[in-house]
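Shared between the two complexes below is subunit A, which pairs with subunit B and subunit C, respectively.
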Partner chain A sequence: MENGKVRIGFYALTSCYGCQLQFAMMDEILQLLPHAEIVCWYMIERNSYEEEPVDIAFIEGSVSTEEEVELVKKIRENAKIVVAVGSCAVHGGVQSWEKDKPLEELWKTVYGDGKVKFEPKMAEPVSKYIKVDYNIYGCPPEKKDFLYAIGTFLVGSWPEDIDYPVCLECRLNGYPCVLIEKGEPCLGPITRAGCDARCPNYGIACIGCRGAIGYDVAWFDSLARVFKEKGLTKEEILERMKIFNAHNPKLEEMVEKIFQEVKE
Partner chain B sequence: MNNVYLPITVDHIARVEGKGGVEILVSDDGVKEVRLNIIEGPRFFEAITLGKKLDEALAVYPRICSFCSAAHKLTAVEAAEKAIGFTPREEIQALREVLYIGDMIESHALHLYLLVLPDYVGYSNPLKMVDEHKKEIGIALDLKNLGSWMIDELGSRAIHQENAVLGGFGKLPGKATLELMKKRLQETLPKAEYTFELFSKLEQYGEVEGPITHLAVKPRNDVYGIYGDYISASDGNEFPSEAYREHIKEFVVEHSFAKHSHYHGKPFMVGAISRVVNHADKLYGKAKELYEAHKDLLRPTNPFANNLAQALELVYFTERAIDLIDEALAKWPIRPRDEVEIKDGFGVSTTEAPRGILVYALEVRDGKVAYADIITPTAFNLAMMEQHVRMMAEKHYNDDPERLKYLAEMVVRAYDPCISCSVHVARL
Partner chain C sequence: MRYVKLPKENTHAFLERLKEWGRLYAPVKISEKFYDFREIDDVRKVEFNYNRTIMPPKKFFFLPREKLFEFNLAKAEYKEVIEDVEPFVLFGVHACDIFGLKVLDTVYLDELPDKYYKVRREKGIIIGISCMPDDYCFCNLRETDFADDGFDLFLHELPDGWLVRVGTPTGHRIVDKNIKLFEEVTTEDICNFREFENRRSKAFKYHEDWSNLRYLLELEMEHPMWEEQADICLACGNCNTTCPTCRCYEVQDIVNLDGNTGYRERRWDSCQFRSHGLVAGNHNFRPTKKDRFRNRYLCKNSYNEKLGVSYCVGCGRCTYFCPAGISFVRNLRTIMGLEERSCPPELSEEIPKRGFAYASEVRGEDL
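== the complex of A and B ==
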């Protein structure tokens, strides 16, 4: 810290820029300014310096080019705290949905035989390449996620991680259960809370945008069994769960297990 | 001896949505080449949604872009509904348009005040303007907050709305909320007018003056707006949306993950100024008066006029949203959603996103996406944008390179490019 100000960098990899937009759209950001110095944030600051040291580095987006691999390594070297922001940075984002298809096939579908001079690669989470100190979840994260994390850092403490599902918030709010009452494939039971069950409030099934709960308590298998009983195929279940969890190492084997169970 | 000098480059253009750079190559004979390098990685949206369930694909498409996620959502939903042969009720259509307008207001306010204005008042960052330009920042926040609140109420959240679904909405706000929305729109109208006045005084650089072909969606019902089934060009041509591939050709260029587009073999422009140029006769209310009084500034020949055209639209769409809410309230109470049957079919939707024409073409087979083609406004604009940066460079390549970089960036910013949108969307 210099002059008592926290040096902040906000860096974008491959994404929709929604996490930064959410951050920039907080009116509270004006209250943060006297306490912070923005060293790098291209979306709003022309005088941005990607290679300067910072106290907190916020990274949005998945690692999707070779250039971005180098960039995240540089950010790590220059930052005291690295925060992965949003589903792309934390889990690889929706662009990882077809991560098991060959990149060449995806490329051909979109670009045909066209070539560009940059080196694309399959989307991956930031943590694949560098140590990440804290995650802010969501697609996009809630404003309160930013406020909580930054507020906690500013007082010299450490924010806590969320380890319970969307279902918990949904029950507390008393919304009708989308999964049981409407019979729709809601991912609330396996998805990390913090959104206050935003979509179930609108009667819409959760698509899991905050990613699966960590600490090995995302019970893909139990939910897959419920979905299976509702008539969904293994492929349909995997596709839905993979929208935001394609890189989850437990997902496939846990769903697979349910389809190997002997019918009673 | 013909020397080629080090290129003048901006690796990462600040204050635009997404990651792109400008490269200007200069030799003794003048400007050799200008390239807009689009370096953000590809995300293959059309490819990853192929074979996926329609509702899941519709949840993923808005993730293409944050500044205009409602535009993506609503255009994708309309293309899907056309494909399965469903037409929403008028009141649902009106409320969807109000949601879309929320996106328009938020996006224009952010672009004009946070991205463009700092250049004109000598700041590198809009947040630093707070002390000296308190009024402007206050208005920017009010407009932005109004837009995002409208999206929040109708779309479930300000970025990546899940509430717009096949057949209508998951849930609708109450009558009281819609009444409040009208009131807030009315209260904000003078701020939109102030924005127009402010931007009418800003310089539109003569270096980039010249003929431009403009394309815009022809609004339904002859009222200036967002939805339409035909595309009109400023050369007098008009064609149905489904025929877009016959008139607009896309091609890959090696310095960009986003493809370029030509209309009848030439670069063209889309965006607020293109809407105004092609459809000013369909404006009404205060915006119509402002247009008549400032026609000379809202001219078709300068990309900088796009900034003022956005300010004009802030006025227009604020008034338009009030009328659309009235249309919906006249039919209150409204059932939020109709049952839809997911039949096989093909549908094309063309709408006016904040940055110009957005195209979604979807084919549905067995409830799944069998074909997807998405073309975004920025992908349409890239070729023209390069040409305008080149015009700027030709006048200033002998000046201080820092000055040229600044002016080149300003040209790019006037287009309000959305680079995240432009990458990864477009299919051969």
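== the complex of A and C ==
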């Protein structure tokens, strides 16, 4: 910190820029400005410096090019705290959904024979390349997620991680349970809360955009069993659970376990 | 106790009059299959024969999410935020849920009263209603199927109206102010009340003695049921959030972007979540899903010595609203030897390790 101001940087990798837009549109930023110096944030500050040291670096987007690998390493070197922002940065995003297919095949599907100036890679979470200190989840994250994290950093404390499912907020709001009532494959039970059960509020089953809960408490196996009983195939279950969790190391093994049980 | 009769044709007029006592909340259908307590505008929408609401009445007294106080770090000050609660009427509360509130009272009113709970409890008028049990109900086994107190009025269904028990001075005032809506109770009404009660007590699925349950649960901490059922569990916490007596909460401080002011908020918590048992040093009292699963069974079946009942009031919500289809009653009956496979066939050579002192290894995890 210089002059008592927190130096903040917001960096974008491969993404839709929706996360920083969400942040940039918050009126509360005005409250923050007397206490912070925006060192790098192209969306709101033309005079941005990507290689300057910062206190807090927010990174949006998945690492999807060789150039981005170098960029995140540089950001890490220059930052005291690195925060991965949004599903792409935290979990690799929807662009990781088909990660098991060869990169060339995916590339051809999207770009055909088009030429680009960068070296493409399979989309990956930021944490694959550098140490990430804190995550802000969501596609895009909620405004209150930014408020909570930054507010807590400002007082020199550490924000808590979310380790409980969407179901909690769905009940706190008194919504009917989509999974029980409609039998739809709601991913609420394995997905990090924080969205205030936005989709179930409209009777829509959760697709897991905030990603699976960490700490080995996303019970893909138990939920796959429930889905299976409702008539879903293994492929359908995996496809749905992978939308935002393609890089989760436990997912396939846990779903597989449920379908092994039948054969016995 | 005072008894009056509310003729059926006066029911809606009575509900309309209740609005004079405060905002009226009652069970309504909120979706294809579920009911919940909601504010009532059109009294014709009130459901008298609902099975159970997804959210228990606790939500009116112990709010799902609530600001506790605001703070200012520079001034080192904090100010409690206690709302000016307007009186409100909660109509259509089943006996089990009235017991649920009584259980919460023993925790949140006795000894160290919770200010936020107390202010709402004092302003809430409770009107009970009789019910016919479905397959999920077991309040008879919990001895919470008939409320002696904890309500201002209690309406018992009659073929042509309601036999009303008056429980408090407020209840008397409500009746007196609307005396034209009420009649005297006749001999026929008493017969009908008795007939309803007899029919009701027969309608429960199980008629058995559960008095040894809480001890068997402690003795059977290593029963294979725990492993099997915990494996099915999604740890979504629905059983806790829909429970009328679950009362754990989590607090969080939210600091504004001025880096100085902020507020503390609490929200309902669930013992099925990892962080519920997480303490300093990254230690966890209940490190596995099985530990957490078992915890709820032990907590719900422990003895509330002030009321002489268990913490579970037999409403059936934790089973009815479990997305994984786990039956609380069946699991308890397994432990009591009332279901098949109650006693594990093989005896272990190892000396069984029973009780909390033998909790599985504390798991250190990356934070």
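Going forward, the second predicted complex is superposed on the first by the 262 of 264 C-alpha atoms of A that agree within 3 Å, B and C clash if a C-alpha of one lies under 4 Å from a C-alpha of the other, contacts with A are read in each partner's own complex, and residues count from 1 in each chain.
Operating definition for what follows: a contact is a pair of C-beta atoms (placed from the backbone, for glycine too) under 8 Å apart; a residue touches a chain by one contact, two chains touch by 3 or more.
As the structure is a computational prediction, the values presented were derived from the model and not from experiment.
Within the superposed three-chain model, A:Thr109 lies in touch with subunit B and out of touch with subunit C [touch as defined at top]. Of the two partner chains, subunit B and subunit C are each touched by A:Ile29.
By the touch criterion defined above, A:Lys131 lies against neither subunit B nor subunit C after alignment on the C-alpha atoms of chain A. The wider contact with subunit A, measured as residues touched, comes from B rather than the other of subunit B and subunit C. Of the two partner chains placed by superposition, only subunit B is touched by A:Tyr17; subunit C is not. Touching of subunit A by both subunit B and subunit C, each in its own complex, is seen for residues 29, 203.
On the subunit C side of its complex with subunit A, the touching residues are 30-34, 36, 54-55, 59, 64-65, 73, 231-238, 241-242, 252-260, 262, 267-268, 270, 273-275, 289, 321-325, 365, 367. Contacts from subunit A toward subunit C in the complex involve residues 28-29, 31-32, 34-35, 147-148, 150-152, 154-155, 157, 160-161, 163-165, 167-168, 171-174, 176-177, 179-182, 188-190, 203, 215-217, 219, 221-223, 225-226, 229. Chain contact summary for the complex, subunit B toward subunit A: residues 12-19, 39-50, 52-53, 56, 59-60, 63-67, 69, 110, 114-115, 118, 124-127, 130, 141, 144-145, 148, 156-160, 162-163, 165, 169-171, 251-257, 259, 409, 420, 423-428.
Looking at the complex, you find that subunit A touches subunit B at residues 12-19, 21-22, 24-25, 27, 29-30, 33, 38, 41-48, 50, 62, 64-65, 67-68, 93-95, 97-98, 101, 105-107, 109-112, 114-118, 120-121, 123, 139-140, 198-199, 201-204, 207, 209, 236, 239-240, 243.
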